[in-house]
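Each of the next two complexes has chain A plus one more chain, namely chain B in the first and chain C in the second.
Moving on to the complex of A and B:
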């Protein structure tokens, strides 16, 4: 499918893979989740009008609303809103025609939308998750906590989040590849616009941070559905979750805030009429923050039992991370001082964001000090602080919406209405959040507070409604613009300096004719031919001229495919089904459940509809993945582009595979790390190997190593154009993979026959889940191998272009490397 | 890409190293638990480097790919070691 229907057609929005369309979808969907999350906030703010609650909500409803508000705002509104802009403008700013993998981009969007639908549908499936947005253990498991039973709804929240993280992983692979390999000729890294810089650093952080969350959610999902015990032990589980969650969670603060910061940089430059003061230092400061963001996570754990030495170290790194931010703040202030400020609506929002961020930042330094944190932790001080930080980011993002609105719609907005919305927004913001500092002694997450704080809470509730009104005013202003706004010129801002302003408003489907080039020192659109100047670039990078895709030069890139949407639907159905399996699993394992095991308090009703839904989801996924695999979808790689430092013989897909593998390293690493942590916590010597003998592990080591050899031989055969050899070695790889699974099944079977299961004890959980996760990778590899064999047999695939065999090999060898570590850990030590 | 001969030699070395891990823990009258664990980890690292370097052709890719994968491994060690140390 290649033809893209017109924008007025619903079909257009189901099939589009164009980055600008997907960007608009992200923005619209994020606003929808903002409204849902905001509505929940208004409801529980009303409940907070009186100490002990007004009676509007029950206790459990309050917990659900607070939890879902946090989850929806952090995951389904903030980052996706920013990535709406990133989708639309990063390719334009770097001179690319689209993202590197347009279908993957569309799939990422559909996973995002449907994961949010799954999370929201939790309210209608017995109740949403109610244990707080940080999902702390043991509130996140069905054992010990009768109020947190593994209802289908709360499982749906967790699986919604898991599906969202998969969406993020796909987005990360796409943006990493695009920004590193699709920059226009002459655009070195130093020359990239600051918004694009902020997105690049954001996706680098996402690559490692979200992988840790993915691992945590996989383990939590196993706990909730299969009753494993990662987060159900009486010791260690709480700390394990906190480590995994905050290893993700602290970088997440910057993942959320960096794009907003990028918009502030763009707006300040444009509306102060000058280049950002200290631009290179600002970039260096952002890089420093991205690195340091992974060194501070334990400041969220000062009140846990981690030792004082690590707390002190973390306090130092936390103070350290504030320093690069100081530089950025001063760069923005000095840019205003050195420039001539034009107080347009986007600038007002950006300036407002700066003011709010300074307040949020300073109040956060209090929490970074151990002794102060002992006092402030778990109070409204934390609530006020992180809202000042997070929602200052929202402020800048709304500024971005006004800033780029003329470009996206071709219409100007009313400055009067825009400024009015800002005034109401700024007043509302401070009215809702500042009183929380004054009422800081209120404990978080509960609606009981001291009577002398009633006034502050009532002011805060009024402020919430004012803030809500301002959001509606923003939407009304932009709706007014669509109907009555003047036609926007290509560049409505006098001093804008990035490439998106050099083309029409809105931009055409393929952005521009020919290709963008900065080789002459300024932006030009030149015929799409190889570089004529040898590819000299500013930052020591390399410009490559590839004559790839010979014979396809006349072909137009495809922009439409229905399969990303269908795959999203299949995944949604699969996770929906999975959400309702817990009661059935409980029923099945009850006879074998250890008497001294964690108490199961699940009261969910058994419904055999859910296994059927799960199977349906797998069926939809199977068909749609196959269909997408055989779909003829043309995406050209730019023949001339800046690719430093990911140039050389790499191509987009190979780089994408490597980025995915880097993410998978952290996923498996976190799972193995969880094993090491829990074993250390229990006492290293207290564990014995779970398998009945070491020899099945050794046998599987031989099998997997042999399969690695056959995969590499398959690549050799593909390069030689030897179809029979290729088929033979790929078939041998499949046979070895099946043999591996056979040995594993035998090994598991022996344990089951001895009455030992994944829920028998913690060490059993660790063994079955970690090796099971590896086995799942083997199964996925087998499915890919089967598909490739089908393609070789049916259309003689990979004989002229062997790269897919190499990509498959990269994955298969990775699975082998993981086993290199799993074998000694679980069979020998 | 390396030659078939190189791939075959690496395969044989990998099998030998895999067996080595097993031997460390089987002959516990020769190797203490700590020696076996240390030796096994060294062998595992060597095996991983061989597979990544030659079967995944990491040595032929731009060095930046190696750095990216190294950062990922570093993150795993950072999380595991820091978390493990925090409860000592």
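Moving on to the complex of A and C:
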């Protein structure tokens, strides 16, 4: 709450929740991570100047740099850079005043920044993770990492990634809700600009793909801190990780590339002065890719022991997914025909991206043929191919930076400097990556290559420096523009079409007066009529009394809150503490550790600083989450908007809750899938139920089902405005939740007293972690319920607006339903 | 009988020629269009339908050409992969038309950080050097003792993932006898020594290979006999007390 300080003040950037500010923060931070990732690449390319290495790096440093380069570029640069544009321009393009949940948006950003800080700080905590950006098992567990003397650091890498995934999940919920529910009157889904389309499909893919990665990282985190055994065994661990990782990893390719494609579509249309050829088919093609992206992951595993039938199927889906891209490429090419092509800097970058993508695509077809993939697997062919594809995406994104720069800063840039940067960039790009095709027999991630490849590797290293120089030139060009650039008009580009060009450069805080409307067939800004439906809710599920007054007096939306930042800091501190716990856990469990378990040789020294840091993180989180929960933060929901197919009696928060639950389904699906996979691998009948008896599970099933009933009664009481009834039933729900946890604790206690723990064997790991993940959900539900009871007692909350009770109920039902699946799996089978 | 090298060279050449051709044509056509339709500064004619600011997006004309190009590219890609699939079936079943035949040479390969062990028949083992007979099909069964490795011999165009608990089977035929230093490499990041995790490949004439194998086996038996004798001695000594 409160006013937003001016842009010159540091405080502004800590408290802002405005989508344009957050967009700029994303862009600036992503460029910082690009520079770090690039610096690492330059260092290991220097090491690669001679076969066997120049001696600049040790083997372990080399592995760390290669790994962090991949992680930083894929996670902390590519996607966030695209989401900087998405933050800034998607609301403008669809005619929204902001994202649906502005504080959640700021929180996504702070989680993003601080997760990156955690990942980079790994270098100073004994060394970062060194097992490759794909984190293959079992090299990714403590059993093997001590050899690298990097336990705390590589834990920090893993938890940094986990925190990043949480950031992505929050962003996904936000964009999904915004694009589906905040479109201006008259803008149906079909009418959305292509950049917005690309972001919509990206977040749909993110919703499911990142949830799978979240599950994988939760299991890996448990392995690393608590010494569970998901990825430590020779009983399917390696394949399990590969499946989980690539189920995320292949959609991730399109997740990072789609926004770039969206920018290419926008830039081609503007600078060719023509509308996109086959627009409808392009959209259909993109939808097909988004759906099919979840069916191709096993083409990363052709050389593992999967059978021929599955390989054949995956080959077919892989070839199938390449065809829609052919259509998109040709659509771009034909859009130039009969156009008036202007070779501005953004167009040059977009055209360059198209050419590079064509080369990347063709070399990808090679990999789709399984026989060739057998030979290319793990070689520089793969490295060259995916850099051509991914960095082609970067090329388009830099084009986007030039394209939207005048809008974001109000300044024009120098076309001469811009074109010069492109020339150097394009030469540098091809000089780094093309020789890699020629040196393709070199195994990935080695510096011992055969002598006849030396020339290619040296060219590549030179190219890396040229490419690095061009990135600095881009930054210099833009810095020059900030200082000396001419004032940008509202619309510097002839033939641009989308709404961001219809308002001033840069746009005002609230984007425009009134609301945007396409009801007449083209963009108009019309007065915002009083609410006839909808109304307003505060974001975050804690609607307050203003909702009722919204219609009476106009209140300005809030744009500032410090709590997203503080919550980010709390989470960062928490994960930093967790990173250093492994040596202590090892010490504690040593007496009970099975003799035939995976060998633990943790080299890390015990430091009691880390548990203290962990507790501090939890404390910061507790206070800041509470403060944000009670904060009075006003976000109006548009009174008139296109919402198909998510209109009806949904509101923003409810849709957000549903989207979040959908991703949580995937998290549990992956955890249960891991159980099924490992048990099948071991032989289904070889597992016995771990709990000492089935009755505690049955009892807990009854307890949870009863609590589902009480939470419904709580909603009924809230609807009736019956405070005592509401308190009573919410209290009963809490009591049942606590009873569930009590039974659970008893059950665990019996096992522990028999000397059986989560590290006793693989089936124990599966039981304790999966039911533990569920218990964690119950605990979070209990905390929310406690908060709600506090609000009812202190300010009579939810009696006028009962929706938050409903949202809590949705979550609670979901947690109950998960238990209904876990009970038979772990107690009866 | 096609070796893995033959298979690879056939298919790679065809992909390379067609890929280059398609790449050159498409990129040239792209650049040609960009140049041909460059803006000449002429204002738009009155009847020309140019995009305007704030319009609801619609598509441009030219859909038929789009589909024609798309269909053409689809035919090229699908026929290439179909052809490759036929060769895949050959690679999967092996040159004899069946997974390891009766008297095929089988070697179990085990990766460990950071070298390779080779287990031949009758308990013969080597570390760091693999011995194979020239011109014969060698079936390998690859696994790992610790983390995920990937066994590959680039010259022979053979590769198999080495995953703990999994056994990945494939084959190759080495034609030229000789000693190939560091020909065997690890293709999956496996730890600090990954970069230098290489082994040598020694290809012997079939008779020489037989000789080598018999020598190794004899040495092994001798060593076993000695060991047994020692154990017996130990027992005798133990009996005195």
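By our rule, the second predicted complex is superposed on the first by the 799 of 829 C-alpha atoms of A that agree within 3 Å, B and C clash if a C-alpha of one lies under 4 Å from a C-alpha of the other, contacts with A are read in each partner's own complex, and residues count from 1 in each chain.
Definition applied: a contact is a pair of C-beta atoms (placed from the backbone, for glycine too) under 8 Å apart; a residue touches a chain by one contact, two chains touch by 3 or more.
Remember, predicted model here, so these are calculated numbers, not experimental data.
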Contacts of A:139 with chain B and chain C, given as first, second, both or neither: second
First, second, both or neither for A:622, with chain B first and chain C second: neither
Chain B or chain C, by number of chain A residues touched: C
Which of chain B and chain C A:62 touches, first, second, both or neither: second
Which superposed partner A:239 touches (first chain B, second chain C, both, neither): both
Which of chain B and chain C A:191 touches, first, second, both or neither: second
Chain B versus chain C as contact partner of A:508, first or second or both or neither: neither
Contacts of A:721 with chain B and chain C, given as first, second, both or neither: neither
First, second, both or neither for A:742, with chain B first and chain C second: neither
First, second, both or neither for A:670, with chain B first and chain C second: first
Residues on chain A lying within both footprints (that of chain B and that of chain C): 236, 239, 305
Contact footprint of chain C on chain A as seen in their complex: 53, 58-60, 62-63, 66-67, 130-132, 136-139, 144, 147-148, 186-187, 191-194, 233-239, 269, 272-281, 303-305, 308, 311-312, 315, 319, 322-323, 326-327, 329-331, 333-343, 351, 354-355, 358-359, 362-363, 365-366, 368-372, 374-375, 377-379, 441, 443-448, 450, 491, 495-499, 501-502, 518, 521-524
Contacting residues of chain C [partner chain A, same complex]: 7-8, 11-12, 15, 19, 22-23, 26-27, 29-31, 33-34, 37-40, 42, 44, 50-63, 65-67, 69-70, 73-74, 77-78, 80-81, 84-85, 87-88, 91-92, 113, 146-148, 150, 152, 154, 157, 159-161, 163-168, 170, 182, 185-196, 198
Residues on chain A engaged by chain B in the complex (per definition of touch): 207-208, 211-212, 236, 239-240, 243-244, 247, 294-295, 298, 301, 305-307, 310, 645-650, 655, 658-659, 661-663, 665-666, 669-670, 672-673, 676-677, 680-681, 694, 698, 701-702, 705-706, 708-709, 711-713, 715-716, 719, 806, 809-810, 813-814, 816-817, 820-821, 823-824, 828-829
Sites on chain B touched by chain A in the complex: 1, 4, 7-8, 11, 14-15, 18-19, 21-22, 24-26, 36-37, 40-41, 44, 47-48, 51-52, 55-57, 60-65, 68-69, 71-73, 75-80, 82-88
